[in-house]
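Okay, so chain A shows up in both of these, paired with chain B first and chain C after.
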Partner chain A sequence: MHRSATLWIIILIAVTFAVSACSSGSPPPNADPPGEPEDIRSPKATVQFKGNRRLNNDLARALGLPGERVCTELGRLPCTSQVHVITLGGVEPYRLGLQRPLAHTSATTPIAVDRVVMFACRERADEDLADPGNALIYAELSITGGRLAVDEPSVANAIDRLYKRGLLRPATAAEVGHLRQLYRDIEATDSQAPARDWAVLACFAVMSSMEQLFY
Partner chain B sequence: MTRDSDSTTRRLSRRGFIKGIVAAATAGGVAAGIPTLLRDPRRARAGGDPDRKPTFLVVFATPGGASIIDAMLAIRHSESANFERLNCFPDEEVISVPDSPFRAVDLQRDSIGPIPFPLVTKQSEFVARHKRDMMVVTATTTSLTHSIAQKRSLTGNNAWNGRTLQEAVAIEYGADYPIANTNMGYDGYIESGDDPTVPAWARNEPISQATLWPLGLHSSRGLKDLPDPELIDLARSLRNGKLDPESTFYRTFELSERLQRWRSQRGASQRRIEANDLVSKLNAIPDSPDFPLAEFGFAASPDAARMQQIFPDLLADPLEAQAALAFLLLKYRVSVTVTISPTFASVILPGRQLRTTPLAFDYSHTAHRAAQAAMWKRTMGMADRLIDLLKSEEFEQGQSLWDRTVLYFATDFGRQKQRINAADSFSTSHDVNNGFLVMSPLVNGNRVLGGVDPNTGLTYGFDLKTGQPDVHRTTQEAEVYAGLLQVLGVSTTGSGLPDVPAMRRG
Partner chain C sequence: MRKYGPICIGAVISLLFTGTAANSQPPGSTVLCQSYPDSGQCVAGDAQCTICHTVPPERNPFGAAVSAELAPGETRPLPTSTFVAALPDALHAVESADADGDGVSNLDEILAGSLPGDPGSTPGAAACPRAGSNPDYAVCAYDPAYAFKKMMLDFCGHSPTWDDMEAFRALADETAQRQHIATGLATCLDSEFWLGKDGELWRIAHPKVRPLQALKMGDDRGTIPLADYYDDYNLFVYTQIDDHDARDVLLADYFVQRNGTVYTRVDELTGQNMQRDRRAGFLTTNWFLVYNIMFAPLPRAAAARAYRSFLGLDIARLQGLDPEPGELVDYDGKNVTAPACRVCHSTLDPLSYAFSNYNGVTGRRPEWGTYNPARLERYFPDQNPTLYEMPENGVVLGQPVSNLNEWVQVAAASDAFARTTVLDYWRHLLKREPLTAELPVVASLIEAFRGRHNYSVEAMLHEFVQSEVYGAP
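Up next is the complex of A and B:
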């Protein structure tokens, strides 16, 4: 009886090992096939809109601009601290009695964001293109007659700098490809200065992305 | 094939090319499983019938407590056994308006309390002119704290899950409007409601400066030396259609309600605002060294000259700018509800013109009679001009905008009824007992619903169905709220709100 029980235990262990060995050799039927993107969605998905001050500060830092040069309306009115304060999630405790930021972005928030980012990107692009030797982002670009040699590595480097300064990460190959294609699309129009237009708009596309605006 | 046509074949037309790119990017977005940027999901979520004609709501907030017994329900000395201890007026200052239950206070003072500015008011002109569209609803509210009371005047003290009147109107009629609910209010009047089921597009769009706000309604107009708008569209399409949805950030947080709202707002909603050229249509301010509009490429509204004529101080007087913008928002079908309001900041123009007293109606803490008189004058004067404008603008088929508008004078609360020794200048605190002025061709006009006891200064209520005065009841905030929504034709089915036919015309 005792020997019989021992035998059964040995058989059970052997079967367990065998099953285990088989399992490790092939994926379980429900596993994602190799190369398929995994579901990385956060169930909590807690993000916040940056709001007027963070937006201004982050753009100033990313684009190397003094805070007051990030955006003005009519040449003198600060966008994020005066004209679009509430729209961009700020408060107006004294004038409006609005002591808390809006709980939600409003219908005109995306427009205000586009204006602010466009202004700041124009500043950066024009400064870089006017003084390529000291360019912060658009350095070493090969521009002839207003046209950009878009396939040169310097373009990828400029895009990478945009991402690193704005989003604090390198650009992916797909993102570099998309922004190169943006240039080709611009050049295919009758733009008189496609390189400059691209420099402004590539910056705009990245700096007004959700990854830049929410945290 | 000619040389030109050959050239054209090689080089796509700019507009066609860009349209193709934008369409491809949009289609790519759809294929990737993201919401289409062209379809506005409002219709599916709106509660209203899309074919119904809208009724517009203008909330004219009167912060600080607009006391109804300092206007339409004023009491004469000779009518009160307690006139020495009660907020009553010398008989000659209370005007009975012919063929109307309303009274009006016409008075003249050398100063507004300690402020040495002269004051002359003639409420009787306003009341005589508009009495048929005026209705006073007496009420007893529930808070003596400004911001709380202000919000309750809009939610009926959370009568409908915390939904504001403006949100209810926006949901009912505003699905096809670019910015259904615009709000230039103050403190509690500019707050959103608390009903979480109200869709984002029906919540209020706060406006801090009525003069400058329209200039921000286009993402590139007025910014110098930018790429052409068509090229900007290319960049936006790339961002919205590829960079954003493919990013690890978005794929990680795509379940966020905030990001989904952002996608919706940045898609069809944004394009609709820009395509309607609201940046021009709503721009009523004149070109000047302070506002060099032309230099920056801004165009003026076709109505700018008229607005500047009717509101000549709109650059210096925020309430004039608000009233002008309110009219334009309704005229150009941008909003179905607009809120305007003086703030607690005084407005003083050259020539010793005190437009808004410090703390608005709340200056009654210092000088009740003069503060109320000055602020009622301010309120009625602005309402008069706004109503005239709305009457002058056709809605359709011979109806004016005014024929379809309700003007609700929301206020925080009433004021204390007592004074000492028949003083002409006295201070008052807050009191929940008061009443609201509502104006519209749709209301039970030329009526006071309820009444006032001349010996206490306290208002009493009315039968909600017949409108007969009832000295044994007071009107609750929820009843006023329900009655207003019903005047506006907003469906309140399932809300549990009472029926208040007494507030409706006919």
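Up next is the complex of A and C:
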């Protein structure tokens, strides 16, 4: 199987994983056990999409990247301030006359978000794995021949750092378990570098979650 | 004719479908608010035409019910005076009915601010669950941790860090946490994200400035440079920060320069030509006059833009229509006295007279954006003789004014100005209109803005951020 096909399978797994965490079909990790009363919900439910500027800023801070390294297209065009501005809820009043953001996210907003988050996560993962001694998130991982010793405590610590930096809370045991399982699923494909792919996609799953993208 | 064409054409189309333009009675929203001053429609803004109409003058079920009770037996169309006198009784007559059949009486809908003629609009107050709990958020109450993160994102443009949140949670009590939020807000209000170029305040200003890069002078010069709208952004931002008086956006006789995030008031500015005693803040910058007046002898577009941007009244949506009882004069020969046109122009034209001596792009460049009491004679010779009889004195919000300086004094002191300012921020921060249950908060913010906050936007924002509307998830 070609490497690109493998990557798509991995992305599909990651997206399925991410979506399943939010779907009504399976309870979220911290859901009430059956028979317990549900958590009460906000009657307003007025969460907002962060939009292009806040998304870029938060990814930069969470992943320890300079703002301009969060995402570029074609290697040089900034994603959130130039290429995907309108799609990500920005404005362009000077040339296009778009003085207010679109009232709703567009059909291509999820695609643009995915590209931005994936790019940023790839930057973080590659930097951490290239220089483990100075790793920000994926520190002290045991990787041999591209494979990760996924049951070691350092993996849980890395996942916890992802959650704390991205979502401002610790990961639950269930969430750690899900991301460990994600690695096993990736390893079951013919990925040539499952540890690296997992680092990118675990980051992607957390940083593209509703909890991260909305406030 | 081009500039006023759309308004007249719209009215004419309405006339064709309904028989007479007199069916749409502009004072209706005013009378409704006089009859129900506590209505949510009147607290959160000018009462909307859609209370009684679908697309004015077509009536919705509530409008039809009111119409049936309105001076029965009188010949239609009703004279305005009869309409105004009879409307309160007609409204009261249908209070207990439910015109749109949505299960809520007309009176309850009017008071709540929903639309009694639209079954899709109900008070729908966000009710808090009576029982239960949520381990993550203080649903239905001010949640300091939620508010802290939201404040950081709204005003600083990024989330707090994990360490920031831990330090916040470790504070002794909610009082300390609220103080921490206030301190953080004060810092964020000085951030590049909030007040820098293309920051949040610039975003609030975009629809008011309506920039057009091709016409820009100065930095980022366009291909047909006419004026520099960065000066307009700078003036707007200056009036919104550091406890400056927000009314100066209309009253300022100064300009503002920007260096990074520092905005400095100056008396004169290259590219700004207006004589000091004729300045009226944002409404007399070179860009505003050049772009909104251009070559028009009677600057209706400028007046309508000012009315919409700073008083929240959009004449194109039949908002803020307050016809003068006197005769409407067709000074520029545009047939505005035709019944279909009079509906809007009886408000718009008196609103515009005060702009008539302000020059757009007629004459030589140094004369652009200046005040000239002989403007019409100098730049528009050989026109309809009545053009030169056009007075500078007009009417804004029902009050006579003798010139633009008085125009902005009335506007800046009005309820509409304070309401529009507060709602600009409400919509920017919450991305929605106020809910019915939140209308008292809107009213409170407006009152405080005009009162103890002395028109300081930052003080108003501090109060807003500490409110449940902002801080309850």
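One rule holds for everything that comes next: the second predicted complex is superposed on the first by the 179 of 215 C-alpha atoms of A that agree within 3 Å, B and C clash if a C-alpha of one lies under 4 Å from a C-alpha of the other, contacts with A are read in each partner's own complex, and residues count from 1 in each chain.
Following the convention adopted for this analysis, contacts are C-beta pairs under 8 Å (C-beta built on N, C-alpha and C of every residue); 3 or more make two chains touch, one makes a residue touch a chain.
Since we're looking at a predicted model, the values are computed, not measured.
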item: First, second, both or neither for A:Ser42, with chain B first and chain C second; value: both
item: Which superposed partner A:Arg61 touches (first chain B, second chain C, both, neither); value: second
item: Superposition-derived comparison: chain B or chain C, residues of chain A touched; value: B
item: Which of chain B and chain C A:Arg122 touches, first, second, both or neither; value: first
item: First, second, both or neither for A:Lys164, with chain B first and chain C second; value: second
item: Chain B versus chain C as contact partner of A:His178, first or second or both or neither; value: first
item: Contacts of A:Lys50 with chain B and chain C, given as first, second, both or neither; value: second
item: Partner chain in contact with A:Arg95 - chain B first, chain C second, else both or neither; value: both
item: Residues of chain A at both interfaces, chain B in one complex, chain C in the other; value: 37, 40-43, 46, 48, 94-95, 97
item: Sites on chain C touched by chain A in the complex; value: 126-129, 131-137, 139-140, 149-150, 153, 157-162, 165, 193, 203, 206-207, 209-214, 216, 220, 430-432, 435, 472-473
item: Chain A residues touching chain C - in the complex, by the definition given at the top; value: 30, 37-44, 46, 48, 50, 53-54, 57-58, 61-62, 91, 93-95, 97, 99-100, 164-165, 168, 215
item: In the complex with chain B, residue positions of chain A that touch it; value: 37, 40-43, 45-49, 73-75, 77, 83-87, 92, 94-98, 102-112, 114-115, 118-119, 122, 126, 174-175, 178-179, 181-182, 185-186, 188-191, 196-197, 200-202, 204-206, 208-211, 213-214
item: Touch list for chain B against partner chain A, complex; value: 11-12, 14, 17-18, 21, 147, 178-179, 185-188, 190, 192, 200-201, 203-209, 212, 215-220, 222-223, 225-228, 230-232, 234-236, 238-239, 242-244, 246-259, 261-262, 265-266, 269-270, 273-274, 291-293, 295-296, 343-345
